[in-house]
Structure formats: C-alpha cells, structure tokens
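Presented sequentially are two complexes of chain A, the first with chain B as partner and the second with chain C.
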Partner chain A sequence: MAFYVVQFLTGLASAASLFLVASGLSIIFGVTRIVNFAHGAFYMIGAYIAFTLTERLSGAFGFWGGIVAAALAVALIGVIVEMVLLRRIYHAPELFQLLATFGLTLMVEDLVVLVWGPDDLVGRRAPGFKGAVDFFGQNIPSYDLFLIVLGPVVLGILWLLFQRTRWGVLVRAATQDRDMVAALGVNQKWLFTSVFAVGVFLAALGGALQIPRDAVHHAMDLRIIVEVFVVVVIGGLGSIVGAFVAAVLVSELNAFGILIFPKISIILVFLVMAVVLIVRPWGLFGRPEAPARKTPGLTVNPWRPLTSNERLAALAALVIAATLPLFAGNYALTVGSEIAIFVIFAVSLHFLMSVGGLASFGHAAYFGLGAYGIAFLAKMAGLPMIVCLLLGPLLGCMGAAVFGFFAVQLSGVYFAMLTLAFAQIVWSIAFQWVSVTGGDNGILGVWPSSWAASPSHFYWLALGVATLVTVALRVMVFSPFGYALRATRDSLLRSEAIGIDAKRIQWTAFVIAGTTAGIGGALFAYLKGSVFPDNLGISLSVDALVMVLLGGVETVSGAVIGAIVYKALNIWLVSQTDLSKLVLGGFIVLIVVVFPKGIVGMLEMLAQRRRKSSPPGSPLLAKPIESAE
Partner chain B sequence: MSVAPPLLAVDGLTKSYGGIHAVRGVSFSLRAGEILALIGPNGAGKSTCFDMLNGQNKPDSGHVRLLGEEVTAKKPREIWRLGVGRTFQITATFATMTVRENVQVALISHQKQLFNLFGSAPIFDRGEAGRLLELVGMGGYADRPCGELAYGDLKRLELAVALANQPKLLLMDEPTAGMAPRERVDLMRLTAQIAREKSIGVLFTEHDMDVVFEHADRIIVLNRGTLIAEGSPAEVRGNPQVQAVYLGEGLVYDARHREGASS
Partner chain C sequence: MRARNIFVGAAFALLAGGMAHSAVAQDIKIGEINSYSLLPAFTEPYRKGWQLAVEEINAAGGINGKKLVVISKDDGGKPADAQTAANELVSSEGVAMLAGTFLSNIGLAVSDFANQKKVFFLAAEPLTDAITWSKGNKYTFRLRPSNYMQAAMLVEAASKLPAKRWATIAPNYEYGQSAVAVFKKLMSEKRPDIQWVDEQWPPQGKIDAGPVVQAVAAANPEAILNVTFGADLVKLVREGNTRGLFKGREVVSFLTGEPEYLDPLKDETPEGWIVTGYPWYSIKTPEHDAFLKAYQAKYNDYPRLGSIVGYQTIKSAAAILAKAGSTDPEKLIAAAEGLSMPSPFGEITFRKIDHQSTLGAYVGKTALKDGKGVMVDSSYKKGADYLPSDAEVDKLRPKD
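Here is the complex of A and B:
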C-alpha cells in the first residue's frame, strides 16, 4: 500500500514541472494563437543555464537565486525571439508559426551541444531538500514534497495574476478577442511580448527545477514537448486549470503505467488522450475554438492540370533523370535513389497538407511503418522483394487508418499536435520494444533481391515508383475526390451543407497519404539495407514539412521540386558540417519569414507578373504576412 | 390534394441557452412553391430557428418534418440529400477554387461521386455547372477564383450551389445582407422567379422590409423566441403587435417604393 502512495506522490512531483511548462504554452497560445514548439527548447535552456549558475554560485541563496536567475535569463531570450521573429509571423498561417518555432528548436539543440557538450550533466541537490522522508518504510525525496507543494502554489499565483491585476485582465480579454483589445487602444505589441516572456519564464523555471531530480541533456526538449502537447490537448489549450489537472493526470498515468505496461507505458497516456479527444475535442477545460480565420494569401492561382507543353517538359525531365546511370557513379545513383524516395514522401504529405489542409507533424510515422513492414516481411517471413514491396506499405496504411481516424476529428494546430504525438508513440514503441524491433539497434540486413541490387537498377526502380506515385496523386488532386477534399479544406460549413461527409473524406485522404508514405519507407529500407527508429522520428516528419513548404504549399507540383532541392542540399550539408541542425533550423526560419510561398509559388508569381505586367490584381495576394499591430 | 403533407412542417421547436429561451414553441409550415419570410427584430431567435431547420443546431424539443419525414435529429449533409439547399448569412464558399469548381463540387456530391479517385473533375458535368451559373447570371465568371468575387456575386454563387441538387426547399439566411439596394432587388427577383418555375419552397430571413414585403407570399414574425404573427404581407403590416415590436427598430416601409417596383 505504502508503495502505491509513494508512487502516487512521485507522480505528483513530476506533475509540477510539466504543469509549469504546459501552463506557459497555454498562456502564450491563448493570447498570441501561436503554438510555441520552441517551448521545450526554452525548458532545456532553462535547465542548462540553471546548471551552470548553481554550479558557480554557492550556498542556498546561490542555488535558489541561480534557478530564478536562469528562468529570468531565458525569459529575456524569449523576449528577443518574440520581437525579432514572432512579430513578423503573427498573421501567417498557424503552420508557419509551428514550423518557425520548430526551426528554433533545431538550432537550440545544436547550440546547446556546442556550449555545454553532448554529455549528460548531473546538477547538485537542492539545499534544504537533500534528504528523504520515511513513509512506512518507503523513501520519498523531500525535494519531491517541495515540488508537490510548488505546483498548486504556482497555480494560485497565476490565478491571482490573471484575476487581480490590470495586466491579467488585459490578457484574459485578449484571449477572448484580441482585435477588440487592440481597438480599445491597448498596445498589443507589448502585451504579446510580456505574455510570451511570462510563458517562457514558466517553461525555463520548469526546466531549472528539474536539475535536482534529473540529469540535463540535449534531447530533453523533445521529450517534454511531446508530453506538454499531450497535457494541453487533454486539459484544453488556453486553460491554466486544465493544464494543472491534465499534468497531474498524465504524470500519474506515467507513474502507474510503468507498473502495468513497463515496456510501453506511453500507450496508457495515449489512450486517455484519444478518449478525451473523442468526447471533448477541445480538451477537459478548454472551449470549442471558433473556426480559424481564413488566412489571406491562400486564394492564389486556381489549380489546373498541366498543359500539354508542361507535360512534355515533365516527360523530358523524367527522360533525362532516367539516363543518369549512363554517366553517373554509384554514389551519385544512391543519392539519386534517396532523392526519388523523398519525392514520394513529400508528395504524400503534400496531398494531405496542401490539398486537404491537414498539416501532419508526424508523417514520418507512416514512412517508418512502411520501412518496418519491409523489415518484418523480408527478415522474419523471408518473402521475396516484390511481395514485400507490395505488402510492406500496408503497415503504413493500417497505422494511418487507426491514427488518422482520431486525427481528422481535429483540425489546425490540434491536428498537428495529435499527429506529432502519434508519431512519437510509434517511435517509442519502435525504440522500447526491443524484442520485436531491435530497439536502437534497428533491424539490419534488409537487402534487395539481385534484380534490383545494383545501384543503377535500384535507381530506376525508385525513379519509376516515384513517377508512378506522383502521377497517381496528381490525378487524384484533379479527381472528384480531390475537389471534395479541397472543398473540406476551404469551408467545412459549406461542404457539410452540400452533403459532403468531411471527416470521411479527410480520413480517406489520410490513409492515401499514409500508404503512399509507406511505399517511400519500403524503398528506403531496401536502399539503406536496415531500419532504425529514426526512420519514424520527428526530424524526418519535419523534413517532409520543409520539403512541401520549400516547394510551395499552395502549388500542385511544389512538393516534387521542394524534395529534390531540399534533399540534395541536406545530403551536401551533412557531408560538410557537424552543425547540420543549426543550419537546417536557420534555413527553416528563413523560409518562413522571407520565402513563404516557396520555390514554385515564387516562380508562378513571377510568371503571372510577366503575363499581366500590371500589379497583381487580387488584394488578397498582398502581404500574406505582416507584423502584429 | 390537401392530404399530402406540407413541404416543411415545423412543430413546437424549442431551444434554450442556459436560462435564455432563444426559441419557444415555434410552429409553422411551408408549401411547395411558396415564399415564406421569417422576420423579427435582432435577437428574436431567427438564426437559431433557421439553424435548427437544416441540422446545424439541435432543438431541445419539437419536430421538423420534410414532406412528412422526420429530419429533426439529422445532420446538415443528410438533410441536404433530402433536397434542402442552404445559403448562409455570411457567405460560405470554397475560396481557393474557381466559380465553376464551386458548383462542380456540389454536382459531384449530388451525383455521389465524392470518392471517385481517378475521374477528371475539371470536365465533370460542365454543362450543368454552366447552366446553373447562367441561371444566376454568373456565366461570365466561371473561371474566376472565388476569392476575388465581390460580395453580391458570392451570394449569387451560393444560390447556384444551393440549386445544384435540384432542391425542393431553399433556406436562405439573410440572402441580401451586405448587398447594395439594387442587387438586393435583383437577387430576390431571381430567387422568386426560380422558385416559382421549379416549384421550390423558399424560407428566408431578412431585415430589409422592402425585400420582405415585395417578395414574400406569407410572413411569420418572431419576437423573443415566440411567433407573434403570421399572415400575408398586408395582414402582418397591419398587425398592431408587429408594429409595436418594430417601433423604434426602424421599420420604414415606403408604399410608393413598392408601387414603383411592382409596376
């Protein structure tokens, strides 16, 4: 019995940090409508700076002062980020904001390693809370008891801040209607900045307070951000009480889940989240979101099928690509195959994201499932390559069918967060279920049959499949189904009013996209000869997003161009520098801020300008992104 | 003749939000080919009432029947399949698609081709799409992106979309809101003409009394959630209760205008 009580108290203690970070995310979202992916990064920087300060400063004052100073320092960094970056993209589509803050996260991950090194850092114990309390023969660290008290105290302080101060009133008002608050003469710039600073302060404080419990390491940002997303989805974005309740719930589920399913404890949290999303899609304490305001800049060129000249050009490009083995070496062919595979991956996400308006932040899950499907079939069942290639993607298809069913119940940022959480779940299963997946060691020795083994043959195979997939998806874009899918993206209200079952259409699109990604993953497994958990990791999901955005999210063929340019650049970059995440993150931020229409989008705009030679007629085209007033 | 159930029969419709009774025991019916106006001051419960008719909102109690069939608990898309077209107070169209594509989506849905993955949508029933657009006077705009249209044109496009499933009943929530006076008259004339030709029942809400009195066959008046009057335009205009409700609301009915317009 005592054991369970202690387990419960440990859960409560873990909830404190989770609550701090989640409430910060919630407050920022409530006012600025930005889902701050970089929140995990701020949490991590908070921990690192606090580690350094508490090591340098001695005594109790040094420790506690160091913790608070670290949080304040990170809040200052947050202010700079808000003023330099976020102010430029408040009016951009939600997706761009998530992506920009993700770019920041990538940069921070490399910067942290650069400054503090790659090793885990163990901080010192908190003065005054070094011992443990005996509870019927079980030990509870006294620091845990401190955290258990701290959680409700912070909740109370936040409540007072929001209910009893002028600033709090403004923040609550802005959460409900920020345009109205601006119309009343409140300087929104500084309100947003201060809210962002408070949110970041909370995240950094959460990170700093973890030092006596956990080692500081450079991957702690992703772990916490996924948990925080789960917490805010369950509690309801924008609700502080919801964040508290959900943080306790999730921490307790983790604490007791370890006892029940030691291998895959995260499943329990996921199940609870799925149930909450079905019963109350806006979370336990959240409010139903008003439909997102239509983003200006979405109404660009109407899509049209390729003209016969353009088809000829595409065919010519394909023929040239097919002649590559005649003059290129094996390395170039391997790179070519990889690019072809990423074209498949990118067009599959494009179908979901550009055509369906559903930006998945966990698309790699289906790519990776396809790869694992091949590994299982080829290694365990020993099936020939052709059969594997036909059946392997089915694992991606099934994953997409299950997760997609839940995901399409949501839209916008909730959809993005849920798909991300699903992908993390698949990743942790691949990582933890060592007996089946080999865990971190992956599954090795997945080689193609002899007919496809030579680099040139494999290249032709990859190119052929990529062409087939791209053409098939393009046909679907201009099929009746494609029109219906675009209709659900443009106006749910109208599509329901003309008899379209939007959820079923979107679910179908999700399954199509997932299966297609699985095809890419299947080829990838054969190309590399092995499968690792990284094949369904977050960074691969983001690669897909960047490829689509780089090509141009509002275009039909952007994903193909984006994949080719990005992948070639990426392979080259990794061969040139150790700081690829830093460069990549900077690159993403750059795309979002100065290049929002992507390569193909920009080419189309130039072509249109030349055709008209007059300024673009549509006022909706003007300034898709402007700073907050 | 009188045995057939009315096109639309609303019976005891009730809806409260917390302590506020938005709609209380509203009952009325609508015949095929009839144009019925639902009027009332702001906050009378018109939109709530309206949204309950096509499944956008669920009533606490009461029934909505379409040709005798119970549709109260049905979803908007199911009610659409039964032949009910709808236009919105604030237009809802597919902004990134062209005018023709907007109509084609409705036709695709009507012909149950939504899950056709490999057909060609750009050539999908162009003839019917063109006819519908001609009907509402939008034939020349077919290839324009919908996001570029003026507000009045969007309203006409909505009408074309609403007609795509050959509806028996049209629900139009403030069809002329936000339009210029000239456009209002044109749109309602067009609607009335189509309704009479195809024997479509029309229910619309409206604040512009010129539009209401010129085009409605019958008017029902809602105030604070309950029906306070029902009858021909002349009867409703003469009703003292209606006058009391609208007094100070700015009910300006100019008889000369009506004569001028109808002559």
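Here is the complex of A and C:
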C-alpha cells in the first residue's frame, strides 16, 4: 500500500514540473493566440542560466535567488522577443507566429551549445531538499514534496492574479474576446507583452527548478515542448485549472501505467489526448471558441486561375527545370528529386491548410505511411516498382480516411493537436512493432527498379509527379468542390445554410491531402532506399508547416516556393556549416519580419500594388507578375 | 512563374559549390558523416580525435605520398539527411570512402547506401549487431565493439555475482532493446538459476525517473542492468540515489564508464557499478601514452571515448587506403579484410568473416575520487575474445 501512495506522490511531483511550464503556455495562447513553439526554448534557457547562477552564488540564498533571478532574466528576454519580433506579426495570418517561434527555437538550440558548451551539465541539489523522507519503508525525495506543494501554490497565485486584479480581469476578457477588449480602449500592446512575460517567466521557472533533478543540455526544449502542448490541449486552451488537472492526469497515468506496460510512456500522453479530444472536443475545461470575426484579408485579393500568359511562363519554367539533367551532376539531381518530393508533400498540406482552413500538425503521418506502404509492398510482397508506386500511397489514403474522420469533427488548434496525436500513435506503432517495421532500424534496401535508378530518370519521375500533383490540386481549388471547401473555411455557418455538408467536404479534403502526401512518401522511400520511423515524425510535420507558412498560407500554391526555398536552403546549410540551425532559424525570423504574408503572399501583394498604381493598359499588366504557382 | 527559376537557381548554386570543392585532384579524400548538431557531447571530442589523426598522418607523409583530406558533414541525427550527405560526398566530392556515424539507424542507412552505390564504408560508432550481422554487407566495416561484445564483456563479470533476481532499465529503442536481449540471453546461458523480475523501458531522452526508480524498487531485485546514458542516466542516478534504489544492489551498466557519461555525474556518481568505459587516467601502455600526450598537447583537454573512436576511425581508414594503394572499393575491401594495425588500445584486426574490428573496451567499477566519478579496477577486454564462434557468425550474416 505504501508503495502505491509513494508512486502517487511521485506522479504528483512530475505533474508539478509539467504544470509550471504548461500554465505559461496556456496563458500565452489564451490571450495572444500564439502557438508559442519557443516555450520549450525559454524553459531550456531558464535551466541554463539558473545553472550558471547557482554554480556562482553560494549558499541557500544563492541557490533560490539564482533560480528566481534566472526566471526573471528569461522573462526579460521574452519581453524583448515579444516587442521586437512578435508585435510585428500579430496581424499576419493565423499560425504565422508559429513560424517565428520555430525559427527562434532553432537558433536557441545552437546558441546554448555555443555559450555553455556541448557537455551535459549537472547542477547542485537544492539546499534543504537534498535527502529523502521515509514513508513506511519507501523513500520520497524531499524535493519532490517541495514540488508537490509548489504546484498548487503557483496555481493559487495565478488564480488570485486572474480573479482579484484588474490585470487579471483584462487577461480573462482578452482570452474570451480580444477584439471586444481592444474596442473598449484597453492598450492591447502592453497587455500582450505582460502576458507573454508572465508565461515565459513560468516556463523559465519550470526549467530552473529542474536543476536539482535533471541534467541541463541542448535538447531539453524538444523533450518538453510537445508534452506541454498536449497537456494544455487536454486541459482546454487558456484554462489554468485545466492545465493542472491534465498534468496530474497524464503524470499519474504514466506513473501507474509503467507498472503494467513498461513501454507505455512513449505514447501515453498522445493516447490520452486523442481520447479526450474525441470525447470532449475542447479539452476537459475548455469552452468552444467564439466564431472568429474574419478580417477581410482573404476577400481583398480573391484567388483566380492563372492567366494564359502565366500558364506559358509556368510551362517554360517547367521545361527549364526538366533540362537540369543535361548539365547538372548526380548530386544536384538527387537534391532536385528530394526538393520535388517535398514540393508534393508541402502542396498536399497547403491544400488542407489554405483551401480547407485545417492546419494539420501531424501531416507526416500520411507521408510516412506512403513510404511504409512502399516498403511493405516492395520488400515483403516483392512487387515491381510501378505497381508499388500506384498502391503504396493507398496506405496514406487509408490512414487519412480513418484519422480524418475523427479530426474534422474538431477545428482550429484542437484539430491540429488531434492530427498530431494520431501521427504520434502511427509513429509509435512503426517504432515499436519491430518484427514488422524493423523498429527504429527501419526497413532497408527499397531501391528503385533499373528504369528509374539513374539520378536523371528518378529526377524526371519526381518532377513529373510533382507537376501533376500541383496541377491537379490547383484544378481542384477552382472546381465546385474547391469552392465548397473554401466556403466551409470562410464561414461554416453560412456554408451549412446553403446546404453544403461541411464535415463530408472537409473529410474528403483530408483524404485527398493524405493520399497526396502518401505519393510524396512513396517517392521518398525509393529516393532514400530505406524507410525509418523518422518519416512519420514530428519534425517532418513541422517542416511541412514551415514550408507552407514560408510560401504564404493565403496563396493558391505558395507552398511550392516555400518547399523549394526551405528544402534547398536546409540541405545547403547542413552541408556547409555545423551551425545550420542558427543560420536557418535566423533566416526564418528574418523572413517572418520582412514577409509577414510569406514569400509568395508578399510578392502577390507587391504585384497587386503595382497593378493598381500603373496606368490601365500598361504592358506590365500582361506580364506574369503573379507568382502564385 | 518564379518557382521553377528559383529551383534551377538553387540547383546551379549546389552544382557550383560541388565543382569548387572537387578542383584538387592530388589528395585522397575521406567523406565523414556524424550527428554533430544533435550529439555535440560525443561528437566534439570525436571530431578532435579524427583531426589529430589527420594531422599525424599528413605530418608523416600522407598516404603513399598523397595528402589525406577529410570532408566532414553533419547528419542532424536523421537517416534521410545522412544519405543526402553521403550522396554529396560520393557524387560531388568524389571521396574514396565513407566513414563515421553514431546512431545505429543512421549507420544502417549509410551502410545500405554504400552497398547500393558500391562505396566502402567504415562505420565508427553505431553499436547495433545488425550492421555486421543480420544486415551486414560486403562494403561495410565497423570499428567499435558491438552491442554483443560489450554485453559479453559485462556478462563475464555479472555472472560471477551472487544475485539471482535481476531487473533491467533500458531506453525504449533498438539499442536498448538489443542490449537487454543479448545480455539476458548470455546471462541465462551461464546462470540458468537467474530470474528476470522487472523491466522498465523509458523513452530515450524522456525518462520520468521517479516512477521508474520506484517501479524497479517495488520488484525488489538483487541486481539491476542499466542501459540508459546521457541525460537519462543523470536523472536515473539522481533519483536512484535519493530513493536508495542502488543501496545493497549490484548494478551492471553499459557505457557508463565513458567520460562522456561519467563526468557529468560528478559527486553523485554511484560507487561499485560494473561498467564498460574508458579510464584514460589509468591506462599505462606506450600506445595510449603516445596518443594521450599528443591529444593533450594539441587540445589542452583530456580525451573522451569519442576522441579514441574518431582518432582510430581515420587511422584505420588511412591504413586500409595505404595497403590497397588504390581507391577502388573492391581493392579497399580486399585490403581491409584481415588487416591488423596499431591503436591506442593495442593492435586491432578487421575480421574477414564479418568486417568487425577487434577493438575492445575497458571493464571496471565506478568509484568516487575527489568529488568526481572514475573507473577503478579496470582491465582491457580484447574484442576478439567476446565474439561468437565463426560457425555462428556465418549463420547470422547473409551471404554477399
């Protein structure tokens, strides 16, 4: 019995650490609607700075003072980031802030290694909390007891802050309806900055408090960021109490789950999230979001098919691309193939995101399923390449059909997180089912048949498929189906009022996007000759999001440019420098500031201005300025 | 449509970059790939090690009079990116061979690439048994003692312990799984009386150490096998110390004696664990002295195990290239099979039968000295003594 009590308390201690970080994320999201990918980075910097301070300052005062000072210092960094970077892009399309914080995260990962060195750092134990307390023969670390108390205390302070201060009232009002708060004359700028500072402070405090039990290292951020997102979503966005309950739920299920299934930890949080979101679409304590008041941004610049001149230009560019094998070497061709494959992947997500308004955080699942489909067919059934290429993506299609059905019942960030949960479940199956998938050692030897084996042939194949896919999706955008899909995106209520079956349309779009991603994955398996669980992983899903956002989410096919720029730059930087994350992150942040509508979105806007300012009949008009391809 | 133009532009840039590099024809080039950005704690000393080797080789006149150049790429910890890098090294840099890699799945990905493109590949660090056995191929050689070898070394010491009730803690991925599987198999062969009472599989890099320690303690084992390393190990040790998990229990632990993983533990290093590792401070052989002196003179820092691996990878590659007198992959394979050479750990041989080197490891016990973790009572275990019989290896490895 004593054991179960201690295990329960241990779970509570884990929950407290998780809650501190999650509460900050929840507050930031609730008010600013920023999906703050950099929250993990702030957590990590908090731990690093606290390590330095607690090593320098001696005594109990030095330790606790160092922890608090570190959290304050990071909060200050947060304020600077908010004022310099995020303020510029609050009016950018939804999720664009994700791109900025993603860029920051990349930079921080390299910066901490530059500043603090590559070794794992182990800080000192907390003065007064070094030992353990004996509980009927079981030891409970006294630091755990400290954390168990701290969690509810922080929850209480936040509750008081939100319920009993004017600032708290404003924050709650903004969480519910920030347009209304702005209309009532509240200075939103400072409200957002202060909220961001508080959120970052909590993240950094959470990181700093890990010093006595963890090692400080440069991958801490990734270890926690996804988990806290999940906790926030399970609890209900913007709900502090929800975050607390969710943290306890997840930690206790883990603490007791490993007694029965020792391998459960790898997937547990995602299973819980999937179940919670299917049963309660807004999390445990969340409320349905008020229907968004759309800014008219989308209607100002209506989408249109390419003019015939633009089509000619597109064709010419394609012909030029197709002549690459005449002068480029094998390496350039293989990189070209890889870029073409990522164009397929990015346009498939773009279709879902910008036409359907459904941002998926787990799109790699369908890419990876396509790749595994190929691996199964080629290695186990021994089918020829052509047959494999035709059948392999069906696995992506089936996955999308099943998961899409549940996912489209939700919207917004909840939709995104449910897709992430499904992707992680698929990933863990690929990772764990060693006898079939080979686990993380993957499936090797999936090489193309001889007719496609040479780099130039494979390049033409990839380019051809990428072109077909892009054209097909464009045709769909301007088909009745595409209009119906856009109607569900722009106004769910009105579209249903005119008889559009929104869920069915969105489900269809999800399946189309998933199948297309599967085609990309199928080609990728042949390009690399092997398939790994990585191909279904979070980082690939994030890559796809970044490509779409970089290209411009409000464009018809900006993802094509986004994919080319991001992938080419990534490959080139990784090859040229060990600090590729720092440079790439810096580039992304720069793009975010200079092109707040994405690369193509910005070019379109410039073109629009030029068209308006130039006199009618100007030759400029006839030229293919539009680059929405 | 600007899209394709950028595409072509990017391709041109890549092409131009490639040509600029391949201008020098006189040098012999080795393409090296490792997870520099993902695992800097291991790869920084590793890089220093191979840079020292390159310097020494060129100071001694290069390879048959030609200068040795190592072109190094980061794989970011992703198999797909490692293949892109391998492709760049082979197709546009024109390297004579590939070398390096840390993670098992990346090692396997590059080995499969090498097999497909018929390029010589010397895997430095990946520990998976598959790379030389079940998924072995004729183009791939491996330097470090494999999972099987390290398990066999530990089993030799562990089987002498009186403990009968054993629990295991291992990261939940291929390395942890196969380390536990081999250890259990060899251990149960030697000691049929042993019971396996609990196993814990925390996700790699994400251990929730408190509940794991508590769960293991609840099974009340007499001895524990640990396979976690890095930050997970730190958390496990700290929780285990506070909760008294290791008190009165024997612990056998993979890799923990390597300075990369032992040093961060500082004064919390648990004493008396049986570990594999690299006690650079207590190795007194002329080969190692020479290496240590050169390393400390160049970097003013002590070597980690990664330094040895990096150093010996390039030294081995150079020895193979020198003997082959050519960069033809078939000749390189012929030269490498059965080739013996010196190393800081004494003479090693690349076996003909499975392309595994006989580099060994040190087995000893952890101890605390001046607030730091060290390995004591350590002895060198020759790799050749801990491999299965040739007949068994023949069964494990597919025919080329």
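We adopt the following convention: the second predicted complex is superposed on the first by the 515 of 629 C-alpha atoms of A that agree within 3 Å, B and C clash if a C-alpha of one lies under 4 Å from a C-alpha of the other, contacts with A are read in each partner's own complex, and residues count from 1 in each chain.
Following the convention adopted for this analysis, a residue touches a chain if its C-beta (ideal position, glycine included) is under 8 Å from a C-beta of that chain, and two chains touch if they have at least 3 such contacts.
All figures in this text were calculated on a predicted structure; none of them were measured in a lab.
Aligning the shared chain A places chain B and chain C next to each other free of steric conflict.
Put simply, the three-chain overlay gives an angle of 160° at chain A, taking C-alpha centres for chain B and chain C and rounding to the nearest 10. In the superposed pair of complexes, A:Arg304 makes contact with chain B only, with no contact to chain C. Of the two partner chains, chain C is the only one touched by A:Gly131; chain B is not. Of the two partner chains placed by superposition, only chain C is touched by A:His218; chain B is not.
Of the two partner chains, neither chain B nor chain C is touched by A:Ile538. Of the two partner chains, chain C is the only one that A:Leu318 touches; chain B does not reach it. In the superposed pair of complexes, A:Ala359 makes contact with neither chain B nor chain C.
In the superposed model, A:Asp578 lies in contact with chain C only, and not with chain B.
With chain A fitted onto itself, chain B and chain C come no nearer than 22 Å, counting C-alpha atoms only. Interface of chain B with chain A (complex): residues 54, 75-78, 80-81, 86, 88, 92-98, 101, 104-106, 108-110, 113-122, 124, 143, 145-148, 161, 164-165. Residues 294, 298-305, 475-476, 478-484, 486-487, 489-491, 493-501, 505, 508, 554, 617-618, 620 of chain A are the ones that touch chain B when the two sit in their complex. Remark: chain C residues 1-8, 10-15, 17-18, 36-38, 40-41, 43-44, 73-76, 78-81, 83-85, 87-88, 91-92, 104-105, 108-109, 112-113, 115-116, 128, 130, 135, 172-174, 177, 198-203, 205-206, 208-212, 214-215, 217-218, 230-231, 234-235, 238-239, 242-244, 260, 263-266, 268 touch chain A in the complex.
Listing the residues of chain A that touch chain C in their complex gives 3, 6-7, 10-11, 13-14, 109-110, 113, 118-122, 130-132, 138-141, 143-144, 212-215, 217-220, 223, 227, 251, 254-255, 258-259, 262-263, 265-266, 310, 313-314, 316-318, 320-321, 324, 327-332, 334-336, 338-339, 431-432, 434, 439-442, 444-445, 447, 455, 524, 528-530, 532, 534-535, 539, 560-561, 564-565, 568, 571-572, 574-576, 578, 580-581, 603, 624, 627, 629.
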